[in-house]
Each structure stands twice: as structure tokens, then as C-alpha cells.
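Here the chain labels run A, B, C, D, E and F in written order, and each chain numbers its own residues starting at 1.
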């Protein structure tokens, strides 16, 4: 087993995104409906697909050497694991998942203090109990098997539910009272595995490549030509173009400027570049960025 | 409301393509089945999804500041709006949608003149009436709720229907008699919004980025190495390589040539480049091209 | 017909992959459910979608000028055609399809010799008969219409089935006894068409572009900056960086190194590059690579 | 054509229900995706599938001899046709479709009178205009291509929309101001066809069988045994058991009572029957009921 | 094995219909995606799902005791099996599947004689060869792996294809030249199994119940009341009411008439029954009919 | 609220079956994707769809007056509710769901005693803990969020999982060690609601009708004619025909025998009836059977 790393990936809603990101990192995984062990094109890896809620538990116990799961479930399970790094997956909002305390819009509940003696439904029973304790509130917390949002209206007094953009809460006429936890995906490792040199190096390499791939999703390459005389002003006016590669062109007096920038500033930047005299601006996609 | 731009996107068949193109332009939109207001990662925008047939009407009335819809529906509705620009979406054919007058293959109708006193079914009643009037033909035009192609065979004498490649008409054994209108997607703005400085600049920026993204779909980056002595001939023989960036390599006597060209000429060009002595030719994808 | 090339593509499981690869090569094909002749944006081409099992037969007879199909079916049909080239499609495993002789895990059969007088089910009856003959074994070979794997357990004594990763065989508790044939997609041409100058040049151009597109899937562009003093060591230590383009930067003492490498070595290479002093490493995708 | 009846069925949301009901009436129809003329196992019939909105128009013009469509679209089109009968299709609610005038829950509009000078979106433009005229209200009525409910909140002041249970309106936070029309499916005939003896008899037979099948859906057969001495009281107490068939049993003093009743009273009736001494009560389904 | 009957059912297009009919016969089968042996609620049965094309082969060899498959594939395979009975499955058309020789509508081929020296594609190679031989025609017959209809237009001169209603042939612009074989589903048994008393009785019982269930699909129960004085005329006028059960009602002078008739005559019969004085006519569905 | 009964139905896998059965009982429910309160055609009912795991909890607390859920979840939750009755839903197997202790086929574990100090994953943590305690075994029990079967092979030592036919366990190569609980659907009521006269009568009526509908699924009506002289022997030989209704026919010497029997004996009975001289045997379906 010394040359195998057992890696747990979250089955379910994050599964496709995780597999896609790992492919970008260079690890191609193929899930078969006929077998519960996915194929991966790296003989040093063994992939297991496990519910995100349970990964930290199996990493802690050592059944997995490492895994990707949410910060929320590591906290909920109270798992003792080594956290290797944080990874942001969602391209659209790039916002973390938030576990929030919600009540119906017309509820008299204004703060967690108003929940004394009430009943709360949630999938994260431990997180909720700790939160209530911290706030000095005593309330019944019951495990919700699903459709938690609907329960807030008549079955319980409040819920603790996860949201990204808040639109599902709004559609259910729920009001956010407080936020318990903000959660992002993490790569975690078993403490013993992390002390094994080979495993640690393997995990660190994968983390570097995965980070390179995720960083690349939020960045783009930008190239443009500019007259040498305008270059200094361009660079001083636009600090976003940090550390550009500047190459001489055969055309006298012109240089090619190339840099990597955050994709989200492009929509502000391109109009400014044009104004500063840049020509032939092109933006191209990246697979990985490693500084 | 002064810092909000209300933007109408076409719901339905063009919806996914439009959202994908706007993402390439830098505006990420997330449609929720639970809410009719899509999420967009720009706080200055408010997105509305509305049927393409109706967008120009609501832009004209000012309920929307601007929107993307087809030239055909702007004409059909006779909407008084400012046209900001034309955008070609379809990658495969890059051909505009055409509204054509069709009859069954075996119909005696040879030209619009033969439709005097006949019955025509169409979704574009106004366009059709104007077309008939222009041709001095009197005929009944009735609104078709769908499946118009099938009607041409027994319920009416002719139809006016939209087609891109003509293959659906052929499959229904229909013959094109005439073309009424060729239509492409347009970005349109309400006249008052267009006079508002902030809104106009916002619209123009979006138009520039969207155009950059669409242009990039039809173009690719091309790089190759060539001996300096062959460079002049290469450039004179291949005018498609306009304005290449030529960088010196450390290897004496060789240069790197890089340019942006129309993707559709690549299949002609690459064999010619090889013949001219180019080596290590690579083609890479682009996100945006802004001249 | 002199300016038309009739090109057969495999209908079914390989269809989408083939169309996607041809799009990358520069030929955009649109399959319509209403018409059996797909649209292609090249007037010199006529596309036909035909089952992979039959393409070589129709190329041999001249109904098609050329086509893409598996080596296995060319062999099974014994078709006399010109093989233009081999193309690897599957990104995940990049492994060829293998036709293997299988028996249930608990079967006493250990080699093909043990099949004397037995019964074998397969879709490739001719290949199997030839294989048995070569091995001096007499056995009944019957055509299997599908679900061949299930038959091995009670309806026949062995099967000859195709597999890529072997996981479906494992899920059916089957053991591989021998391999009959390893097969990859091929571009084949009719012998007469191949002698026609125009057709041959057209086929060769398409082969070159398709190969360029497929090669590009297995490769990536890599760029980095490095201090000039570290360059020589970097290049000698890392032979994978063959023939890099080295451009001078305006920053004295630093150069930009750019090269095209196999994507599958990236995950080994990037940690080594960092160790060797490379900075700002970026990996970008390619559309085509033509040497 | 004298022995053919051309029958129009509503394409779309009512299509499957209509075909199922006609099958119960004894006419089996098979719709093919490859042909726009459905197969029917009656050589005297020719079926056409046409949008419900258009059927009355084509019946009026004589392209169809008869058809099934909603009362609402007959009214909207103002078609001059013979109405053969009314048919209730929906099993769950058995409630007619209602076209209602709606506004957002918080709108100040309380009655149609408050819409003077306002804008209304609807699919039934003619019905709405007539309704406004009858109420002496002048307002703009614009054709809505779909998603009408969403428009009420910001694009127009009110909508006229169809609803069955009202739950979709409630989900969109809309309030019903008034009802314009209550609509049920109708069998209609062209006036000339109705005067043709053969066609009229054919239509009447189909109407009788279709009515028999629809009536049977709302009814069930009920059988029970009862001691003869309790029979008179049973029948007088339970008038719902009208005209039962009473058969002597071989067991002296007992009779079998059998009748056809509305399915919706069964849930009240069975407890009463048991109380009245009935034994071995069984309920069985019916295909047709013709009085 | 003495108390087990191994029963082959056709996998694929007939599968759901066959399982539904067997459920009506009283044998409930549950197919699992996880197991290739379906569950059946009869411990004396072992079900196997096998392609219709192959069942007769495995029944002949004794791997199956009996099975349901088409007459066509028994003939194509030339299997020596005992035919227990014929079963009609399709409710809509109740027409057998027909294997027909087809050519494009505009083909000069008028009869099989015109195919001398030509090429024919088909899935039933043996049937086609025997048919050609019988007609004294020599032609190449090649196995078609699918989409045979499309081939008739350019790849071969004619096809032999299966059709039920002919509508798919018409949609492909094909003309039927001749019919080779009309085929219906058959229950077949292995000759040795048929000689085993227990197996034969089991097969016969299943055949009787399956026939009872299929007969019941084509029949309905009909009940009505009629005045005794009208009864004789009713019965003599309507021979379709053969062997009715006539029960006395407690209402003097009236009888209840009940019978089982073909469902397809109901649409003619009910109007006649009403004319003859019948009242309270009800039609009810049947599960099984065994004479 | 006095005239409303709040009724909880299980959301998810049992949902469609429950709604279908209630429709057969006479209560038509329509679930809307837009609203979490389903429509029901009885104004005295309010339906709530809640996960089966949670219904007993909400019935106990009085948020629901009654509900349908499994015996297993009532036990797991330890809910104090009134059990009104047991209802069997699954037609195919009619077997209860069984919660079983499973281990991999090759596990050394032979009985629950072998699990001392081991780890068990299950969705029914409380049931499992009670079971272990009863057997004097100490083991870790952890909640499984799903895919429990896969865990047994490497993540835990045993699982407690639900099964109906056992085929999924077999497909996962698991062996049943013991059965903890056999569970069927139950109608349960809140203790206070059960003491309310109106609610109790309403619940009892619904229970009677639902039981009548479910009983009817397992039974069929059987009718046949027989010569009076053979009747006595028929009845004595076939006790399954208990309490038949025997009606005189107008044909002298013949009687009609009609009875209700278990559908599962039909396949044995019909051959015996024919042997005993019965003629014209028909089997018909039932909607409800209430003794």
C-alpha cells in the first residue's frame, strides 16, 4: 500500500465539478455505473466517491489518506484532520456556501435570542447546537432529512440551511436571521498519512496542480501591441498589469505586452487599455497558473 | 435606478447561447427555476428573460433599457428603438435566419404574384402583410400558433416561415418562393436610456466586450517558427497573416511569427504555411479579440 | 462528382466524438434528426453517417470515397481499402479498444486450447474464426446480437468481446484468457479515390488537420520566465522541453521560455520547473499542433 | 371524400388526454414522430393534430369536418361552427379552465374599472377587448407570447390568463380580479359537414361513444349482497342507488344488488351501505356508460 | 433442475410489452438494472432476458426450456423448436410485423425479378437468400447493422425491412415491392422440455393464462337491461351477442343481459343496442377470458 | 381548524404509489412543482408531503393529525402515535421491507456476536443500537448518508440496510447475517386527534376506503357458467371460491357463479375450474373490496 494514495471525492452535487477540476489539474477520472471504484490515469491513486458529509470522518479514521470536502462538514463532524488547502470551485458566484439561520418573512423572530424554547430543523445538528450554546439559547434541534426550507413555515420555528446566492430562500419567502458558518471546499489529509513522506509529497503535488488549475479558471492571458513611447504610461496607469512580459517586435518602436490577469477585471480593463493606445488586444484562456 | 441597467435577454431557443456568449464577454448569469430574475455577477445590471418576440416592445416602452433580440421581431413589432449593433451567434453556419415564403414542392405557385386571393399562415403577420402590399398582392394572412410547415400542405396555400439551413423545409417537402427578410441578433436600446450618459457608456462597454467575445469565436491564434530568410516570402505570399507579431528567437536566424486569423481560413492556410517553410505551427483558442 | 468527397463517419457511440474532433480540425458538421444527410460547412464534402461496422464495406465498394472506422471492423469485414492514418480519440484512457477472449472467473478454461468443441459468442465472427484456426482449435462461433457479456455465464462457454479499461468485464465477473486484436480508429480511403489527385489531396489535408487537432488534445502550451543564468541548466535537466522558443524580455537577464509538451508529463514537470527557478508558469490549451 | 370524416384533435397539452379518451371510446390513434398524419384504426376517419387555438378556424373554413377544442378558443376566434357537445376531460379537478383577470397581490387595482388607460397582456386578445368594451373600460391589450404570469409584476398592469386550480397564480403572487370566461372542451362541426347525413351520423356516433367513455370515468359499478328483508330500507335510505339491478341468489333470503353510481359519492356511500347491512361490497371500473 | 422452467423473454423493444402481458397472466416480473436475472413471483420459473433474434437458438440448444420470440427470427435462425402458440401483443393495430422488400419510390425495380445481380441489405440474411432462391434471382445479400431504410437510397439497390403500419417506410420515401414473411410473437419450447411432463404442463398452463390475458385485451364485458318482450328480437338481430347470460331482475318483465364481445365491434354495436330497446348499457374491462 | 384533517404523505420513493392508492380510495391529489401544498378534491383534508423518515415525528408533535409512513421509521424515531392500520403497497413482491445486518460475502462475521468492537454504518442508528444492546454487543454505529452498501466492503465492518427482494445486496456481494426489523406502511394518528370524534371518524373512513382499494389490488372478480349438476362438486372441490354469488340463468340447468378471489391463486385455479366443467370463465378487475 506504500505507493498508493487513497483519495476521497464528494459524491453527488459536487462530484462533476470536482472531477472536471481534477482533469484540469491533470488527473483524468472515469466513473462507471457498473463499478464503485472510478478509473484514474495515475497508478499511484485510488479514488473513492463518498458523500461530502462523510469524507472527513473516513479521512480521520484513516480509511482514506486524503479527500476533498466542505469546511462545513469537517466542522459538523468535528473531524481531526490536517487541512492542506482551500479550493474555490463555483465559477459563477465564487461565493462560499453559507449556513444561515432562517425564519419565514413574517415571523416575529428577529435574532437567535428569540428562539429560546423553540424548535429548529437542520442537516447540521452539531453546528447548530454549538451555535445556540455560544449564544446562550436553549432550543430543540432536530435532524432534517431534506426539504428543510418548506418546514420553516409550519413544522418548526426556524431552520438552519445552506445557501449560495440566497435565491432559493427568497423563493420560499424566508428571511435570514444570522449566519453560522461560511464554507468552502478543502483538501484534507489524515494526520498519519501527512507524516508519510511519499504520501505528503504526492498530496502537495496534487494540491499545487489543482490550485494551478483553479487559479487558471479565474484568470486569463492578455496580449496587446503598443508603441514603446506609450508603454511607461500604460504600465503606471494600470497596476493590474503587474509583471508583464514585454517582447520586442521586429516593427521598430512597438512592443508586445503580455500578462496574466484576473478575468473579472477584464471588463473594466479593456476599455482603459484601448484608451491608453493598446492595439490588437487579445484574451486567451489558461489551463494552469503556477507562480 | 440611476445606477442600474435593465437588460432583456431572449427566453427560449436563443437563451442558452446568449447566456454563454455573455459569460464569454465577462458577465456570468445564473438562471434559477425558482425565480424569474436571473442572478448576474454585476450589481449594475438587472437581467430579464423575455420571449424574443416581445423584447423590442418592452425596450420601446422603456420597461427595459436595452435587450438582445432578432432583427425580424423588431421589424414585425415596428418598434422604435436604437440599434446598438449586430451580433452573430450561431457557430456552425454563421448564416442569418431567413423568413421565406414557401409552398409545397408540387404547388403551382411560382411567385408571390400567384398568391392573389389565397390564404397564408405565419408567425410574422405584419411582415407578411407589408411584403404582400409591396408586391401588390391581396391575400389573407392568418397568425399561426406553431407547426406552420405542416399547414402548407392542406390548410393554407402558402406559409412564411423562418429557416437557417433550409433542411427542415426540405424535410417537409416545401419549396422556397421568395425571401422576405434576413435576420440576425441585435442589441437594441431604449431611446431615452441611450441619451443617459451612464447607461449609454454601460451599454457600449457591454457591446464592445460581447463583440470581442463573438469575434474571438470566429478567430484563432496561430504561432509558428520560420527561418528569417523565408519570412519575407511567407508574408508576401500569405496576406491572410496580416500584421503578425514577429519576435526574435535566441536561435540565430529564426523568428517566431504570431497572428490572429479567421478560423475558417485555417484549413486552407496550414498546408500553405508548411509549404512555405514554417515549423512547429500551433493554433490556440481565444476568449476575446478587440482591435 | 469530381469536386465532391463522400466521407463516411461512424454512427452511434463514436459519432459525437468524431464530429467534435472534425470541428476541431475545422470542419463543422450539424446532424439533423429530420434529414439523414448532415450539414457540413465545406461544399466539397458530403457526409454520411453509417454504422462503424459497415463503413469499410462501403468504402471498399466505392459508395464512399473515404471514412473513419475502427481497425477491428476493417479486419472483420476483410475490406480491401487504403489506410490513410491512425487516430486516437479517447482522451481519458488513450488506450486502444481490445477484442479479448473471456470466460467466467471460475471457468476451468485457461487458454484458447481448452475451447476445443465448445461454443463461443461474439460480434466479430470472422475475426474469431480466424483466431481459432490459427490456434488449431475447432469450436462453434455464433453471432451475438448484444449483451454478450451476460451470455458467458450460462449460454456459451466463452465470448470474444471488446473492452477499453476492462472494468465492464470485471463487473461481470469475467476473466480475460487472450487478446485477439487491439484496435484504433483509422481513416481509410477507397483505392480508386486514392488515385484521383483531387480526392487524395483533399483527404490528405483533412488527415493533416485532424491529426493536428488530435495531437493538440494530448499537448499543451507551457510558458515561464527564468533568469538567463539558470536557463542552460533548466534545458539540460529537462529534456521534455525540447525545442523551446526563447524570447528576450525587456527586463535584463530574464528570458521567456515557451514550448509545447505532452499534457500527461505536466503533472511531473511543473514541480521540477519550479525547483529549477522558473517563475510565472502558465499552461494554455491548444487547438492544433502541426510539426 | 364522401366516406371520410376529417377530424381535428388538439396538438399539445390536451393531445395525450384526447387520444386516451378516444381510445376508451373505441378509436385507437397512433401518433408518429415521422409523419404528421396519425394512424387511426377506422378507415372512415382522417385525424389531424392542430393547435387548440386554431382548430375552430379550420373547422369553420371546412378544412376539417369536425374537431375537439376549447370553448375559449372558439370564442376568441369568433368561429361560426356547430357545437355538437361538451366533454369534460380532467379527472382530478373536473373543473373547467377559467380565463381570469389578474394583478399582483399588492396592486391597487380592485376591479376592471381601475384599468382605464392601463396595459394588459394576454393570449386571448379578442376576448379581452370584448370584455373591456362590455365594462366600458379603455385599455391597451397586447398579445403575450408566453410566461404571461411573470409580466404582471413589472411589464404590464394586469394580465388575462387561464387557470384551473389557481395554484400557479398563487405561486406567482397574483390576485384574481374577475373571471372573463369559463371554458370546457367541445366537439364542433363544420356547418356544411353537419348537413351531410353520413358525416352527421358518424359524428353523432363518435360523440355518443366518447360521452359514454367520459361518463364511465366519473362512474363505477357497485355490487353487494343484502338480506331481502333489509333491501327496501336500503333503497329508500340511499337514493343514490337509483335503478339498481336486483338479482335473486340461490341462497334463500338474499339478493345481489348492482348499480352504477358517481365515483365521487362512493367515499360517502360505502360506510352507509355497511351500516345498512350490505355485505361483500365491491366496486369495479367501467369503460363506457350509455343510458 | 426438475422443478424449474427456464423461460426466455425478448430483451429490447418487446420487453416491456411482454412483461406487462405476463403480469396480466398472473406472473409478476421485476427487472433490475443491477442483476441480469429478473425477479419473478413464481419459484418454479427462471426468467432470462435475451435478444429476440437469439431466443430460438437457445431454446433449440436447450439452454432455455421455452421462450417468447417472433416467428421471423425462428425462421431466420432455422431453429428446430416446438411451437406452443401464437400471441398478438400490439393493441393499436393488432397487425403482424411484415418483412418486406423495399426500394426507393423512384426506383425502376418493379418486382423481385428486377434484382438479378443487385445488392440487398437486411437484418434477415437467411430469409432473404431463401426468398431470392425461391424466385430464381441471384443477388448479393449483405447483413445490415441498422438504419437499413436509409441505405436503400444510395448504398444498396433494395432492402428487406420489417414494418408494422408502413409509416416509417413512407416517411423514408420507400415503396414496398413484395412481402417475404408476416410474423407474430410465438411461445416456443425445446423439444426435450416438451416431452417432460412437468415442464409441458407448466408451459401449457402459462400459455392458457397468457392467452386468456391477451384475449381479454381485445374483449370487453357488456351489460344492459331490456324488457323481456324485446329480448328475442335483440338476440336474433345481433348475433354478436353470442351466448349471453340472461338473469331475471326483480322488476317484472325485465331481464339483465350480459355478454363478452370483441371490443372492436362495440362502436358499431352500442347504437344498435339502443335502437333495439336496451337501457343502462355499460361496458367494463376484463383481465382474462378463458373459454 | 375543527373541520380540517392534516394528513402527511411520504415524499420521495413511496410518494407516487401513495397518491395512486389514495386516488383508488377516492381521494384525488395533485402535486404541483410550484407549491408545496398539494391539491386534494376533499375540502376537509390538508395534504402535506414530508419525508417518510420524519412523518411520525410530526404526527407525534401534532403538526399533522395523521400520516402514512413505514413501521421502521416509527420505531427508529420512537414516536408515540396511534397506529390505525397496516397497508401493503408493493404489487410485485407484496413482501415487507426488511432491515438486515449485512457483511461482505467473504467476511468472517457469522453472527452479530462477531461484531464486538467493530464499526457499523446505517441510516437507522437507533434501531441498530437497540438491536446490538439486546444482543449484548458493543460496537460503533455511525449514521450513513447513503450508498451504504458500498461502505461494507472497506469503510466499515458491517451495515444495516433495507431490502425488499435482496437483489441489490446480492449485486453488491453482501451476505445477510440477521434481520432486525420487518416493516410495512402504516397509517398513524396523533393521540389527541384520535380522541377528536370528527377527526377519528374521518380517519377511519379513509382507512376503510384505502384498505378497500388495496385489498382490491390483490383480488379479482371471477365469473363462469356451469351446469347445475356440476355445481356442488365444484364448490366442495374448490374452497377458494368461498361465498360465491350464484344466479339462475334463463338457460335451464345452468347457473352463473361469481366470486371474488385472491389474484395470486388465479393461475392455479383456472385450470382446475376448466377441469371441473366451468365455461366462459372471465376475470375482471376491481376498484375496491369491502367486506
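Points to keep in mind about this one:
The criterion applied here is as follows: a contact is a pair of C-beta atoms (placed from the backbone, for glycine too) under 8 Å apart; a residue touches a chain by one contact, two chains touch by 3 or more.
Since we're looking at a predicted model, the values are computed, not measured.
Touching chain A and chain E at once are the following chains: C, F. When the CA atoms of chain C are superposed on chain E, the rotation angle comes to 180 degrees, reported as a multiple of 5. The chain with its Cα centre farthest from the Cα centre of chain A is E.
Chain D and chain E touch with mostly distinct residues; of the residue numbers seen at this interface, under half occur in both copies. Centre-to-centre spacing of chain A and chain D amounts to 53 Å, using the average Cα coordinate of each chain.
Chain E and chain F have Cα centroids separated by 35 Å.
Shown for chain A are the residues in touch with two or more other chains, namely 247-248, 284-285.
Contacting chain pairs (ordered by label): A-B, A-C, A-F, B-C, B-D, C-E, D-E, D-F, E-F. Residues 11, 36, 50-51, 53-54, 57-58, 63, 142, 144-147, 150, 154-155 of chain C are the ones touching chain E in the complex. Touching chain F in their complex are the following residues of chain E: 25-30, 32, 34-35, 39, 41-42, 205, 208-209, 212, 216, 221, 243, 245-248, 255, 260, 284-291. Those residues of chain D whose C-beta lies close enough to touch chain F in the complex are 91-93, 165, 167-168, 170-171, 220, 225, 247-251, 256, 263-264, 266-267, 270-271, 274, 279-285.
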